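Please find the structures below.
Both complexes shown next keep subunit A, but they swap its partner, so subunit B is in the first and subunit C is in the second.
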Partner chain A sequence: MNEIIRLENISYIYGKGTPFEKVALDNVCVSFSRGRITGLIGHTGSGKSTLVSLLNGLLKPTEGKVFLDGKDIWENPKEISSVRYRVGLVMQYPEYQLFDETVRNDIGFAPRNLGLSEEEIAGRVNEAAGFVGLPAELLEKSPFDLSGGQKRRVAIAGILAMRPDVLVLDEPAAGLDPRGRRDILGKLGDYVRHSGASVILVSHSMEDMATYCDNVVVMNRGKIYAEGTTDEIFSRADSLSAVGLDVPAVAKIAAELKRRGIDLSGKLYTIDGVRDAILEYVRGGAK
Partner chain B sequence: MSEPIIRTKGLSFSYDENKNPSFDVREVHGVRDINISIERGEYVAVLGHNGSGKSTLAKLLNMILIPNSGDIFIDGVRITDENFTEDDVFDVRRKVGMVFQNPDNQLVATVVEEDVAFGPENLGLPREEIRRRVNSALAAVGMTEYARHAPHKLSGGQKQRIAIAGIIAMRPDVIIFDESTAMLDPLGRRDVIEIMERLNREDGITVINITHYMDEASRADRVIIVNEGEVAFDAPAREAFSNISDLHRMGLEAPQGVELMAALRDAGLDVAENVLTSEECIEALNSFLQDK
Partner chain C sequence: MISDITLGQFFPGYSVLHKLDPRTKIIIAILSIVAIFFANNPITFLLITIIAVILIWISRISFTVVIRGIKPILLILLFTMILNIFMTTGEGDPLFEFWIIRVYTHGIIRAVFMAWRVILLIVITSMLLTYTTSPISLTDGLESLLLPLKLIGVPVHTFAMMMSIALRFIPTLIEETEKIMNAQKSRGADFSTGSLVNRAKALIPLLIPLIVSSFKRAEELATAMECRCYRGDKNRTKLVKLELRTRDYLCLALSALLLAAIILGAILPYNMPINIAFYDLLFYKI
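On to the complex of A and B.
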């Protein structure tokens, strides 16, 4: 079985028993697999941040259970901190959480807390820095001397160095230019292939979802609205618009061409996919 | 011809010469020899990779940063005048309002309408005038019903709308949006863009939108690309996005429709070159493919 983490009948209510009671998640069942990048989308207030905080035990479900590798993470609440090493959470703008004197120490902070040997820590720091594309000469610098994009990489490397089974990233590319986005998100694919971890990517960018994710989970008003492969989700453009989400511009272009009788098929939600479909169509027509 | 609302002459700024520990700006480019002129009522997008200097330029225009050399004229007044008083600086900031990226860092009050009133109160306006301005600013961003709400309970998009209302209440000539949609979800983004464009179209406010979203930039009349601290390109949006290889070299992209057309041309198809919007892309591909 490839499933690593599973939420079973989860409900979460903020301020339960007060006049400000708000149901953030309502009987949610969802699971995430090893070796996959799963996109988590939904507009503001859909419940995705709450869901993410439940995955590593930052919040305790009001009802329902979270299973990590088949084990209920709240079975023994005293051991909840061990879950946080196995489910790594990269929050929004993680570069604001850097604190140590050198990049090396910052990335090595969690492995050191895990009680690993200095040799093992050094190995993990180098490996994590390599994954995010940080040059070795930056390791001895202060993280505060780096550019925004580099700081972001240090923060992500700090989580990777724990070698989490599940890696959750909340808008890891927010505020980065197109090249920076491609760099960071492209690395996630390499990381998944190498580590076999499960990556959960929270983003508002449908273009990024379409390009980098294997599966997509769509949330709306505290419930799972749709889940499936990226193909399945992005082929249902109208159902996404119905919950205030959008499809990539190129998917809209392809959908409109199809509506006008041009029979395209393939991955009609990325630029490369639509290009290939059009080339295929032109070749087919020439025969 | 009337004086442009913003004009810069040989504008340069370097962070090295302005060592200030409160600015986290190392490895960020300053700007060098910037000469731009923006007419009243224009809708301009500014693009550039992280650290290219585009935010530095914005901060120079409303005197958050002071240039090392060169001049800035706002509405014909030389704001780089060394005899400028604090009141004059205040006046520049009233004329050139700025909306920043993080909605949580811009709101100061615990009630929405008090936050919007903060600027006008500091102008020393009479009470009734403040009331009028706050009401009309909240109406302009569609947040009237939230006047008595607490800002921290609003969504990111709603917070940005409040931040915009706070600027509108100052009756600015120019509003600079410095990646104001970067942290918003698609709906929030759409709201902010709609407001930005309505203020430009209906109230004649000059809008400068600094962004990483190419589809946003393609909606502006004019695109300025800042690269390594210099203006690399300053042209109508259609022209700015016509040279894909230059954009890629500067770490940028074109809107998806434009990228698609370029990819098809690279693959040997003779599709139209001069498309900008998705609609144009659909029409061009439709007529190209219908005959096949």
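On to the complex of A and C.
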């Protein structure tokens, strides 16, 4: 089977029956591929975060079903916590969830809840900390003494320590400087190759999507607006700007060059892709 | 979900109840509390219940919302009722006896009315104050009513500001709690099963981040206020000046009349010989 998670006719309504009733998701059908990084993008309020909370059963859909590996996750509501171990969700600003005395214990919180042995927990903590690039000496510190970027890494490591089949990250790079962004997002590809897990990356940055994702799902006003491979999605830049999403700056440059009669081809939405295309064009012209 | 708690939440709207001056509403709320505690027989309770229903109706807030607001105090209600049933001694024979427990019919009736009294208290005060008055105008009203206390050195403005900040942050804290709870659930935390001790322990991962972020929030708020040169009420002017209008005077007069009627209904029947049908039923003293 090629898909790890499938949503069927999902609707979610907040505050049903109150004056604040709000439809967050409206009859959404979408699936996420196994072993791939899928980007989930959309304007603020498009329903991304709601959709993400449905994936690991934090929210129960008002209508529709969520399938994990072909199995309805709400079939037995008492076993929903086992779904949460398989679908690791890193929420927005996850550093607010840190609570334990040391970084080591905090990362070990989820494995401890899983009921693993102490050696197994220690192994997983070291592995997860190593993966997000936390130096070993930080493990004995209090999480409240760390910098913002380090806290974020600890929080992500706290989820990785569960070794989830699906890693869902809701804006993991929000509020970080460009270098912190690259560090964290760049690890995702390694993680997929290493563990064979699937990753779902929520972001509203088109640059991140273009650089790190294999597939992209575009959401707009509680509906799926478009889905496909990154190439497919970015080749339709016009329709993206129609829903308030901006294509990456390099893609705009490439489009403008094309409009002026310079024939480029290749991945015209990442910096590397456009650079290669221009180089090729220049070399081709020189011949 | 936690966010179902509506106690202390403002529902924006344009009803008469929303438009009344906050001071009027505070005074009427105080009068209502007095009336509710005077009420001691079915007829006075009925009158107050009708007033509560009318209040809900003119505020255009749905009944389900109001009922949901009562849910969180169900436990207190139950406790009040149980205490009243077992502690009340009535005349005549007990309804049933078991060991040292004696239950009288009077006790049961009393328990029902006690619970009803608490419900009325919550419904009327929340209809007048929290549901239809924004926290800002509520504290404005309170500040203005308490202003005389300033003469004897009470920092009225500071109190009002503290209260408005507390009110303002209730929904924020609820939201925050929910977020952190979800984050910990995502890491396999279990808040709803296990023994009492285990459940108390499970709250640590929730409470510590909550306390930490509250302190942080308080510090940020204080800095933001100082950046905008907040110095208490020194030279502070108001954008919206409170003003009593005809409708305020009308409502105040009407409430005073109703209060008088309820006090009369609660006292007169037992001090004067009144001869009407169903006397025993209508004026059964609770």
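Here is the rule we use: the second predicted complex is superposed on the first by the 285 of 287 C-alpha atoms of A that agree within 3 Å, B and C clash if a C-alpha of one lies under 4 Å from a C-alpha of the other, contacts with A are read in each partner's own complex, and residues count from 1 in each chain.
Operating definition for what follows: a residue touches a chain if its C-beta (ideal position, glycine included) is under 8 Å from a C-beta of that chain, and two chains touch if they have at least 3 such contacts.
These figures come from a predicted structure and were not determined experimentally.
Enquirer: Contacts for A:84 in the overlay, against subunit B (first) and subunit C (second): which applies, first, second, both or neither?
Expert: The second partner, subunit C, only.
Enquirer: For A:159, decide between first (touching subunit B), second (touching subunit C), both and neither.
Expert: So A:159 only meets subunit C here.
Enquirer: Would you check which partner chain A:17 touches, where first means subunit B only, second means subunit C only, and both and neither mean what they say?
Expert: A:17 sits against subunit C, while subunit B stays out of touch.
Enquirer: When the two structures are laid over each other on chain A, which of subunit B and subunit C touches more residues of subunit A?
Expert: B
Enquirer: Which partner chains sit in contact with A:113 here, subunit B, subunit C, both or neither? Use first/second/both/neither.
Expert: Second partner only, subunit C.
Enquirer: Once chain A of both complexes is superposed, is A:144 in touch with subunit B (first), subunit C (second), both, or neither?
Expert: So A:144 meets both subunit B and subunit C here.
Enquirer: State which residues of subunit A lie in both footprints, the one left by subunit B and the one left by subunit C.
Expert: Residues common to the subunit A contacts of subunit C and of subunit B are 144, listed in rising order.
Enquirer: Could you pull out which subunit A residues touch subunit B in their complex?
Expert: Residues of subunit A touching subunit B: 43-45, 92, 144-150, 171, 174-180, 204, 206-207, 244-246, 248-250, 252-253, 256-257, 260-262, 271-272, 274-275, 278-279, 281-282, 285-286.
Enquirer: Help me check something: in the complex, which residues belonging to subunit B touch subunit A?
Expert: It is residues 24, 26-28, 48-52, 101, 155-157, 179, 182-189, 212, 214-215, 251-253, 255-257, 259-260, 263-264, 267, 269, 278, 281-282, 285-286, 289-290, 292 of subunit B that touch subunit A.
Enquirer: Give the list of subunit C residues in touch with subunit A in this complex.
Expert: Within the complex, subunit C touches subunit A at residues 3, 11, 61-62, 64-65, 176, 179-180, 182-190, 204-205, 208-209, 212-213.
Enquirer: List the residues on subunit A that touch subunit C in their complex, please.
Expert: Answer in residue numbers: 15, 17-19, 53, 56, 58, 81, 84-85, 88-91, 94, 96-100, 109-110, 113-114, 144, 158-159, 162.
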